[in-house]
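Here come two complexes built around chain A, the first alongside chain B, the second alongside chain C.
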Partner chain A sequence: MTAHTLIKNTQAESALIETFGALVDTLPGAATTTTARKTAIGGVSMRGLPTRRVEEWHYTDLRNRLKQVPEGDARTAGDALTSLADGMVRLDLFADDAPSDLPAGVRVTPLRDLLEKGELDRSLAPADPEDVIGALNAAFVSYGVALAIDDGTHLETPLELSAFHGEGQAHLRVPVTVGAGAKATIVERQVGDGAALITGVTELTVGDGAELLWVLVQEQPADTDQLTQMKFRLGRDSKFTLAILNAGGRLVRHEIRGVLEGEGGDFQMRCVNLLGGESHVDVTMVLDHVVPNTTGTEIVRNIASGKASGVFQGQIRVAKEAQKTDARMACNTLLVSDEADFSAKPELEIFADDVACGHGATVAEIDEDHLFYLMSRGIPENQARALLVKAFVDEIIEELDHEAISEALVAKVDEWFAKNG
Partner chain B sequence: MLEIKNLHARIAEDGTPILNGVDLTVKPGEVAAIMGPNGSGKSTLSYVIAGRDDYEVTDGDILWNGESILEMDPAERAASGVFLAFQYPMEIPGVPTMEFLKTALNAQRTSRGDEPLKIPEMLKRVKAAAAELEMDLSMLKRPLNVGFSGGEKKRAEILQMKLLEPKLCVLDETDSGLDIDALKVVADGVNHLRSQDRAFLVITHYQRLLNHIVPDSVHVLYKGRVIRSGGKELALQLEDQGYAEIIGEAA
Partner chain C sequence: MPAVQETIEQVRTLDVDQYKYGFQTDIESDTAPKGLSEDTIRMISAKKDEPEWMLEWRLEAYKRWLTMVEPDWARVSYPKIDFQDIHYYSAPKGFKDGPKSLDEVDPEILKTYEKLGIPLKEQEILAGVRRMDEPSQLDDDGEILSDAPYGKGRVAVDAVFDSVSVATTFKKELKKAGVIFMPISEAIREHPDLIKKYLGSVVPQGDNYYAALNSAVFTDGSFVFVPKGVRCPMELSTYFRINEQNTGQFERTLIIAEEGSYVSYLEGCTAPQRDENQLHAAVVELIAMDDAEIKYSTVQNWYPGDKDGKGGIYNFVTKRGDCRGARSHISWTQVETGSAITWKYPSCILRGDDSRGEFYSIAVSNGHQQIDSGTKMIHIGRNTTSRIISKGISAGNSQNTYRGQVSVLRKASDARNFTQCDSLLIGNECGAHTVPYIEAKNASARLEHEATTSKISEDQLFYVMQRGIPEEEAIALIVNGFVKDVIQELPMEFAVEAQKLIGISLEGSVG
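And now, the complex of A and B:
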């Protein structure tokens, strides 16, 4: 008797599997890479896309939400993008060749070259069976760059990574190494024009004593789905600040999987989710403190308007050896529409006994005292409320240690409010 | 002209009565001081005038230039010329001071049918006012009142008052938390604003402030009522004798 699949594939699942079949021979990579790709899509094909029954995807039912998969390559020339701020060094993730005018100490290798040599085969293996983003990306990945910042390099100008897409699909991967004692600011743009499915995996290693500010700005159109993953490892006495602004997209999921594996390592995350229209934005973080004396603070601020929905899952795990860990996490949401919603799931798993850890998730409201103060100066109520809603997110953006970038992000927030406020 | 008539007000949340029939008239150009012991209802009076909805007016009225303001929200009252300098100005993270000043000034101008001010003109006015109050301009780049010392907050209140040019200025314990030098600067700022068409209600616990802002009339508030009114000498009498005697006389 033949075994039948009881559940019929969704349109998106079928499209992904069929697209893979059609493309597999043209995707870049060594023979071993093709094998890794087939393994990855095989897993997706066997299990299907996750539903809310899968714990990691409980609040984002991917199987239901990923309605269709656009056909064709979403690559564009990338010229349509305006830099976040003046004086940034642009890196187009779609480009065939590395740019020639890179700052000293920065090395860029097109991903295609690494794939052809089979050098990424190992990293293409999904992290676990539920790692659907990793699997989809491994199956299809064809664009991106490997970026290396040499030990001791202090980059004055930020690097700006982007893959401005058109209609279709794009699957990007960006392995990044920040050398020991290096200092850098990297801006990642997730933006384009045209219905698309974008997946991305960033694998980041921050060396001992290095300092990195990574600013992720997602402003996809309302018909684009963006599924990404950032995996990072922090060395001894390193400092990594991840700033995220979500201000667009239809279905967006950012997975952040970090390991603080050197003593004295510090991770700071500031995430602003501006949810409008019918968008669904999910930020899911798993952070491992595995050695003594590491610190981490994650602050997430959400504004949910329209019929939008949002998710923050934050899991902090403190290993038995990781004494003196200081881990803080806070997620605050302002619901400005009755039809919007936000789900927050903070979790602490602590095995060490001498730590300072805390988390909080709140639904915030406009402070009536603040409102009275502004109105007592003649600012009409609706305008005063709008100022305070914006202040709720601007507050954490202004703290960033890069004035030009903070200003540019505040301008992005203004832009969003002009469209959605 | 401000006319407060038999004003009764209570805390909205629990119904505790605070004002129990305040009668007070302040003419244009007049500086009226409201004095009284702690808990007499001084701050409540200032909030009720400004329109804070934590308080409910249960009887009486507040007429401003002949019209009741009780149905107006705080922004409408401000646009009609009422200004409250807070005892404890709020810190509002995320709202840059400069943007706040511009928004407030232009909201008031718009509601009066004036053209909004352009940024250069705005900056000019803010700089002039800040210089007069000996304020560091870099403070204005910070979020509103965030990280300001007590004295800086009070100066910032007076700065706002200068820019907004209200017709009724209610100063709630503006002297609290100020050292003598800061007090002089703030008092000078207020004195510069004194004019024939502007009234002041100066609320204070101590006579000290009234050496610098000399009032035309002094009113003693006790248990939510004005129990005594007089000229500036009444403040000196209070300073010498304390509140007990006057309260005793009134009882």
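And now, the complex of A and C:
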């Protein structure tokens, strides 16, 4: 008996394989791209979607959770979306052509062009057999843009990437290069209207000395499944801050796979997961420190209500050469409903001896002392409770280095509490 | 700091990778042919003079084992084990009918104990009772009671040599208190009702690959039964030794603490130095009823292999405690310094309301050792609490992983856990890893988990050294401070031993 014996496909697996068969000739790409796509779907077809027996998917049993796959193209014109904040440069990932009014130093190429030239073939190969998001995306990818920010460019206005979807499927890929010494803020919106399956892969390279703030806001409807991956590489003395707000979706998995490959690189992650209804949200991060003197701090705050379930898996790996690494990770959860649950797996894998690494994880109720303090000042219990819960997540959003975006995110949190509180 | 000083001296007197317990005792033994089949199991069962139901139980386990796949999820790597290349039974010849007293024990074995210092002889001396060569001492005639009152640090010892238990001390005195402490093979014959009721009730035959293997071929081990309301008058201890070549040791320990009782049990283990790897797959089951408390301590010092990673014991052990009753309490303390590979997760099932589980661990790896160890705390009952303190020290080319699970189930309201795992790295050829699983399904649960990895800080070292303490001693001092939280959970006699062991294990890497 081996783990890879042929198994009977589930409805969703069959649907994916059949859809691929029907679409393969119409998907964009060179002949070699088609081969790469077939290899990718072949792996999924042979092994099936991962179950909880696959360690990386232990808390998100994709095979059981992905019940069905909607048919048709989820692409829309994208007009329904309002910007997160004023004055952003919008980039519709569904658009056929690059917008004409881009700021200086920003270059955008439609993904289709790169696929047709076969330039993405190599990056379409999944990282490993468990890389199911990579494989599904590689098989079906047809939308997205390649984004390049030239060396030394300081972008004043944030770029806002979105792919507002309707019913159906959409598979997006966004290769991004931030040049040496450049400075930018990018907002990514994951939102739409209609039952959909969305996969996305972002491949990001942050050049030496560059500074990037990436804000990911996921507000999918309750019947949409979102499987995404962000892979990034950080250059020397670069600084990358990733802020994530999850406030929707049915089955959501964000994989973050980062490598700090230049000395002095710094990675900051601030992630707020607001879990309500019957949603299942999984944030899985693998961070590799491979050179000396890199730093990283990841803070994840979760509020689980209703019948929601949440997962955080964070793995910090410090290579033998990566002396003087300073890596910190914290995952704090408030369970506010008896039917919600949360699982955390904060891992450290350390091969260098001169490091300072730590992680903390807590699951708790609201602090009774804090509650008492507020109530003793005349604030009714409900309000006091709401204040404390909100403060728990707001404090990590508020410290972001962009005021308008911080405010917009706090507003999103308010909106979520109004609906789920 | 006498203990620290001792550590230093111990370290000084030894060369790199010298394993103190690496001798082999030259005694004739009665060994089963290599290989595993139904016949082997029938043979073991017959040798042990077991009733039919026990054989059936073993065969059932064997059937399950045949359908199972060797687990590969632990962070350890080793060549595939050939389960047909192992002797599943080996008994020192000459007393397979069971010795009546230590006098009848092969003098070579007694010498072994003498060499070991622990636990038989050293414990005797610590206890201040007569010396081992005086017959009245371990003759178990019950007369000792009058001139040696309860609880003066005395320890009742069961010694398991390869596949058989060779001696159990203080039997009569324990009997007086109502405590049953005997080799499990005897218990199967003498207390079949208890065995039938409890064996496999915490770790079922098909629990996992190695537990199934153990259930099929286990040869001996200890059985402890503490009746209602009894506080066991002394420490109980089992000492395990693998002696024969190519043998596996598969012992089984079962401890039952009835309502309101208390028992403290400790185990120690060593093995000779050999080039090939030997398999040790034990199962330990603890059952605590209402208000009962079991304290289980392990000082594991199997042969870890030589400096090139050759030889050493594969230590694949399933240990699980079941807090079955309300307000019951199970505490695991372990000091892991030996074995080439350790794969071991002493766990607590917190079933009874208000029950409590504890896990204190020091895992020291050096040379080419690989440790993947930790615990599981499964909160099922209300108001259950658990506490995990794990200290990992890796040196040399070793890999040291903490893997632990804390799970709060839906009905476990007001469950509470505190976990702290700290790792210390000495040298840059080793690795330290932390893999916790934290699962909360109840809104009133409070879980805290903390982990750090660091090296001995320059500041600390400088501070100690500038007070005139040499570097090597300073490091030992800091390391001992690092593990202090766990050491103090050990029974006193073992705490000293454990501190020495840590010093020896780190030999060649500190300073």
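Everything that follows uses one rule, which is that the second predicted complex is superposed on the first by the 415 of 421 C-alpha atoms of A that agree within 3 Å, B and C clash if a C-alpha of one lies under 4 Å from a C-alpha of the other, contacts with A are read in each partner's own complex, and residues count from 1 in each chain.
As a convention for this text, contacts are C-beta pairs under 8 Å (C-beta built on N, C-alpha and C of every residue); 3 or more make two chains touch, one makes a residue touch a chain.
Just so we're clear, the structure is a prediction, and the values are computed from it rather than from any experiment.
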item	value
Partner chain in contact with A:79 - chain B first, chain C second, else both or neither	neither
Which of chain B and chain C A:388 touches, first, second, both or neither	first
Touched partner set for A:96, first chain B, second chain C, both or neither	neither
Which superposed partner A:374 touches (first chain B, second chain C, both, neither)	first
Comparison of chain B and chain C by chain A residues contacted	C
Which of chain B and chain C A:25 touches, first, second, both or neither	neither
Partner chain(s) touched by A:55 [first = chain B, second = chain C, both, neither]	second
Chain B versus chain C as contact partner of A:398, first or second or both or neither	first
Chain A positions touched by chain B in one structure and by chain C in the second	none
Chain C residues touching chain A - in the complex, by the definition given at the top	69, 73, 408, 410, 423, 425-455
In the complex, chain A residues that touch chain B	369-370, 372-381, 383-384, 387-388, 390-395, 398
Residues of chain B defined as touching chain A within the complex	50-53, 73-75, 77-79, 83-84, 86, 89-90, 92-95, 100, 103-104, 107-108, 111, 143, 160, 164
Residue numbers on chain A that touch chain C, as the complex places them	1, 55, 58, 320, 323, 333, 335-338, 340-365
